[in-house]
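Read the structure below first, then the notes.
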Amino acid sequence: MSRIDGRTPEQLRPVTIERGWSKHAEGSVLVSFGDTKVLCTASVTEGVPRWRKGSGEGWVTAEYAMLPRSTNTRGDRESVKGRIGGRTHEISRLIGRSLRAVIDYKALGENTIVLDCDVLQADGGTRTAAITGSYVALADAVSWAQGKKIIKPGRQPLTGTVSAISVGIVGGVPLLDLCYEEDVKAETDMNVVCTGDGRFVEVQGTAEAEPFARSELDALLDLAVAGCTDLAAAQRAALGTVPEK
Amino acid sequence: MSRIDGRTPEQLRPVTIERGWSKHAEGSVLVSFGDTKVLCTASVTEGVPRWRKGSGEGWVTAEYAMLPRSTNTRGDRESVKGRIGGRTHEISRLIGRSLRAVIDYKALGENTIVLDCDVLQADGGTRTAAITGSYVALADAVSWAQGKKIIKPGRQPLTGTVSAISVGIVGGVPLLDLCYEEDVKAETDMNVVCTGDGRFVEVQGTAEAEPFARSELDALLDLAVAGCTDLAAAQRAALGTVPEK
Amino acid sequence: MSRIDGRTPEQLRPVTIERGWSKHAEGSVLVSFGDTKVLCTASVTEGVPRWRKGSGEGWVTAEYAMLPRSTNTRGDRESVKGRIGGRTHEISRLIGRSLRAVIDYKALGENTIVLDCDVLQADGGTRTAAITGSYVALADAVSWAQGKKIIKPGRQPLTGTVSAISVGIVGGVPLLDLCYEEDVKAETDMNVVCTGDGRFVEVQGTAEAEPFARSELDALLDLAVAGCTDLAAAQRAALGTVPEK
Amino acid sequence: MSRIDGRTPEQLRPVTIERGWSKHAEGSVLVSFGDTKVLCTASVTEGVPRWRKGSGEGWVTAEYAMLPRSTNTRGDRESVKGRIGGRTHEISRLIGRSLRAVIDYKALGENTIVLDCDVLQADGGTRTAAITGSYVALADAVSWAQGKKIIKPGRQPLTGTVSAISVGIVGGVPLLDLCYEEDVKAETDMNVVCTGDGRFVEVQGTAEAEPFARSELDALLDLAVAGCTDLAAAQRAALGTVPEK
Amino acid sequence: MSRIDGRTPEQLRPVTIERGWSKHAEGSVLVSFGDTKVLCTASVTEGVPRWRKGSGEGWVTAEYAMLPRSTNTRGDRESVKGRIGGRTHEISRLIGRSLRAVIDYKALGENTIVLDCDVLQADGGTRTAAITGSYVALADAVSWAQGKKIIKPGRQPLTGTVSAISVGIVGGVPLLDLCYEEDVKAETDMNVVCTGDGRFVEVQGTAEAEPFARSELDALLDLAVAGCTDLAAAQRAALGTVPEK
Amino acid sequence: MSRIDGRTPEQLRPVTIERGWSKHAEGSVLVSFGDTKVLCTASVTEGVPRWRKGSGEGWVTAEYAMLPRSTNTRGDRESVKGRIGGRTHEISRLIGRSLRAVIDYKALGENTIVLDCDVLQADGGTRTAAITGSYVALADAVSWAQGKKIIKPGRQPLTGTVSAISVGIVGGVPLLDLCYEEDVKAETDMNVVCTGDGRFVEVQGTAEAEPFARSELDALLDLAVAGCTDLAAAQRAALGTVPEK
């Protein structure tokens, strides 16, 4: 049984990670998971939000958004509506938590890195592409800040790598890296964020139709861990060498 | 090793489910998980949102909020700030999805049930208490609508029961139903939503400090499933009899 | 001629004042006037708003809100609408002014007390119940702050007590403490805030249908003053002893 | 004892009512109470808000605002702040209620009249000037609509006249029509809205410093009724003849 | 061929500039271009916005708004809508830029002048009337600040005068100072801001129907420069003498 | 005298127009003017805004936005701030007007085309690149709609082509197509929108420092017209053949 785009159930879509996409940002990546394309930029600023001042610790946060016509039908701009939707909030928070899982705040010092993940084209898995691409942009921003001595010499704020992938059950079959057409048909949908050493940062599984059994959950987790291993390799390849824990 | 409040790791806090708390709502429950108290009301209206008109199907949605001084230090009102925060959005969406998992939209007919979950006092686990209490308020609202023939005779929109519990790893030990003091110290935090027959509706696990291993995830899921079994019993006891799938 | 609920025209509904309702707030009261139930919490913070800094004087303010299903039909949340309605604004301001009428800012010192009045169930008279209950929560918060030496020893910020009641003309008859059903039929509606020694803090009378005559106004004021005397007694009973001017 | 501007306690400031100020509005008045100047326009539209459709009844509403530099120090624009303040809400609602007190909705038919009261220069009493001027603008708009047959021939939506005045106790002396300098010093401040036949539409009294006694309230009401009688005469003079009940 | 109101193509409407309209503002002008009436107030405050602190330089900014019934049909208030529209934003920015073109920030010192331009009645050309009137209000505010020594003795922040006029092509004919009826029919519409010595501060031309040719643009510029010369004379007449560059 | 990037004063930066960038939008272009990159998508929907229904005429509108890190320092998202800034409003309106200048609404029929112009990287001239690229996206969307018979056979809604370029005076020298570094130093800044046949759609010139003379304005217009001629050629090259008036 083959998938819409001919993949096997445990196969990722083609992944590309293009570094240095922007001339302005300290780190920037155009990441694609198949037809899903997300521009991830990392902006370094000295100083931290007020509630963290004097702590000696840094901060990493993220904002996610979709261009209005990144999707099949045009969505209204949240800036025009005057408010951020629940889904946007949720994904922005997820990306931020995922990246902070591999950050040593003390080593970062009182500096802030903001990741902006703007979906240029959506075809399922935008949040997982965003996390995977943002990690690479973050790594480049950290290198930049080390070069500028904004991060103190000898300090390494990255404690590991992080990537993310979606999995789901479609027609009873567990699949890796759902495209949009699969996503809308999925009975169960899960996003998994893993570190490069195979541990979990975030597991979010949702029954879209029927509740799911423990055995299904287990099968999905297996698929996801394998997918994240491949993504970690792609990140390493893109970066040349990365700091490992 | 005993917990802050003397419980064993796999023990729930005292759970109370007080039905008929409000004279106005079609279903209403004051639920408490220890010192966490959430008022859940279910409001039935005939008709559905515009995007669903003519489908013959109903809709169930939820809104969650915390009173400003439900917490240890006062939080600003979201109405005064003029916007809903990300956490509020996220939890409202989670509650809605969880309840829709046990709803047969066709049997509900073109009616809408809105669950309002207002946290009167918070001590950890407000979202899981909200889901557990809301199910009971929803069941009462469904009965009311059946009695009023708003739901057609012989139709049962509830396809099962649903409850939720938090689990987490604190000091290396997996614990059930974290109170606030445990929650802030947890290395890993997970919210699990189960149906009464022990299947999963939602699994949301987050590494607060260290990434977590598959074995830890498994231990947490075991704890959560057992906890939800107890909560389902408490719901049944509160309702007398409930429709089972 | 008897009223809907069997009361005489000059009779209050049963009033209950339950102190210490919340484990978190410095003062908290669940007040009920018949089926109207309002949760009033008082939050003490050291410091004052910017415009008052360095004055040596404190500040007391209030926020009022209704839970969406505190009423007979569900109202949209103001947080979701993104703005506070005129009625909410008006009542919040009224409660704040009423409480400030019995506050000696100098004795309070540069501390702020915020009263949150959340209507859990509405059946007419929510603003008057809120003022009456808030006074008790405020008194408890003041005691707490005196115990913590946040208020300087020997200083008493409360210069008296304050309570409030609604009156109105229904079917030509002046009535005390209108329930919702009476309120919607009232030709004239008035809210009166009195100190414990029988003087006026606020008088707000509105012709809902016909303009009203001076004699009607006088009859309503008489009723209201008597009602506030009873409420002051209920406050005293709840508090044990209260500071009188 | 004479007042800041030489008036006796029971004397109004010079009142002017300039009709037809605007070339566009169906009714328009520039009203002044001393240095307080308010532009009141009445806009007639056929049709009513959705909640009133099919009732056969009309609607009258009002919006009040201050120009940023109508006051001694510049205030931020509410449009720029993105929200209406509590005071603005409160006064807009008061003006609307006051005018609706002299409207027969059936006679108006399904038409809406909006009164816009924009304070060009403020020196105390802006809400009372707004009500007094708006009545005249409303009367002109009604005449216009009668002339255009928008209001059915032979129908008179105005059931009387309405005006308003402020009163207050300053230095222990009850004063009529406070200017700003008196207003800020007032111990008690009251706004009274009366019909042309001397009955009350609205009474709003507030203790700014000390609570006030019944005798003080009575003295203020006496002053206010006399002041409104004078204002009703000024309205009649401005309009030539007005429909009396 | 004569215009709607009998003017020749190159003729301004009657222009009046009434200084000292407000008792509160440091400078205030009621300007009229025919039936267009704009109240311009200039508010001086010591200090500058945060981004300019310590620069030794001042700031001048402007806000434009229309009263709801300044136009033929009532427009909703932007404060009620909770957001400023694009046109309002655009015009506010244009007025601010135009006035800053004749300001020497160093001579102004760290002081801010805010121009509020509120359209009381609109009949075309509101932005050009606002600029022309605001200049005079600004000049009066500068004189006031010099008198109060807020601006240092011997410093002249005004480097020239500025005024503005609309021009357009209607029925193929270039016209000066369009009234509303001409404006809606114009094929091309242009607003031109000039200094008193005939140079350009701003040129904004828009093809409303057909694109326009260079020769048409040239004809419109000629008309506008002549119109601004007349307006500069009217400003000089209103002010008595003005500082020229 | 050569420019920062070696161009002559009358030389454009390298222009690229990449059609079909998005798989979803009916027309999509990634346009670059040097380092300025704007993604322009055109979305076709059947139907028109409510105020245009039944007219038989279509509508074209545009929205412009900058990604937060498209600039040298990160800007806050307007969606997060909850409001659109004045500059964004102004440019969105300019793009919409410019494209509507070459649209025959009748030929378009009751269909709407929305242009979204999102700046991925900014280096001066984002609005002019947006207009130039949007025209090509619009042309592709029109072709698509003709192919789908959404636009009636034989109807051509495009009446010509449109492009835009910035010009300015830097160090006394008129320059074409300013990059950011030139833009911030410009004494005068002008944006010019032309049709393919060399007529003007919009001329917006602003004195950033000194007011400018007629001769300077003339020189800038000459430069701009020549630049737009080159851009029209680039558009034609990108499209193969375009409908000319």
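To keep things simple, chains are lettered A, B, C, D, E and F as they appear, and every chain counts its residues starting from 1.
The definition used in the following text is that a contact is a pair of C-beta atoms (placed from the backbone, for glycine too) under 8 Å apart; a residue touches a chain by one contact, two chains touch by 3 or more.
By chain, with names taken from UniProt: A, B, C, D, E, F = Ribonuclease PH.
Because the structure is a prediction, the values reported are computed rather than measured.
Chemist: With a Cα-based fit, what is the angle in degrees between subunit B and its identical partner subunit D, given to the nearest 5?
Modeler: Fitting subunit B to subunit D on C-alpha positions yields an angle of 120 degrees.
Chemist: Mind checking subunit D against subunit E and telling me if their interface is mostly the same residue numbers on each side, over half, or mostly different?
Modeler: Answer same: the two copies use largely identical residue numbers here.
Chemist: If you average the CA atoms of subunit C and of subunit E, how far apart do the two points sit, in angstrom?
Modeler: Measuring from centre to centre gives 51 Å for this pair.
Chemist: Can you list every residue of subunit C that touches 2 or more other chains, as numbers and ranges?
Modeler: In subunit C, the residues touching two or more other chains are 82-84.
Chemist: Following the ring of touching chains from subunit D through subunit E, in what sequence do all chains appear?
Modeler: D, E, F, A, B, C
Chemist: If we count contacts the way the header does, which residues on subunit E are in touch with subunit D in the complex?
Modeler: That would be residues 22-25, 28, 35, 39, 41, 43, 45, 63, 65, 67-74, 77-84, 88, 114, 116, 118, 120-123 of subunit E.
Chemist: So in the complex, the part of subunit E that touches subunit F is made up of which residues?
Modeler: 83-87, 89-90, 92-93, 97, 101, 160, 190, 194-195, 197, 199-207, 210-214, 217, 221, 225
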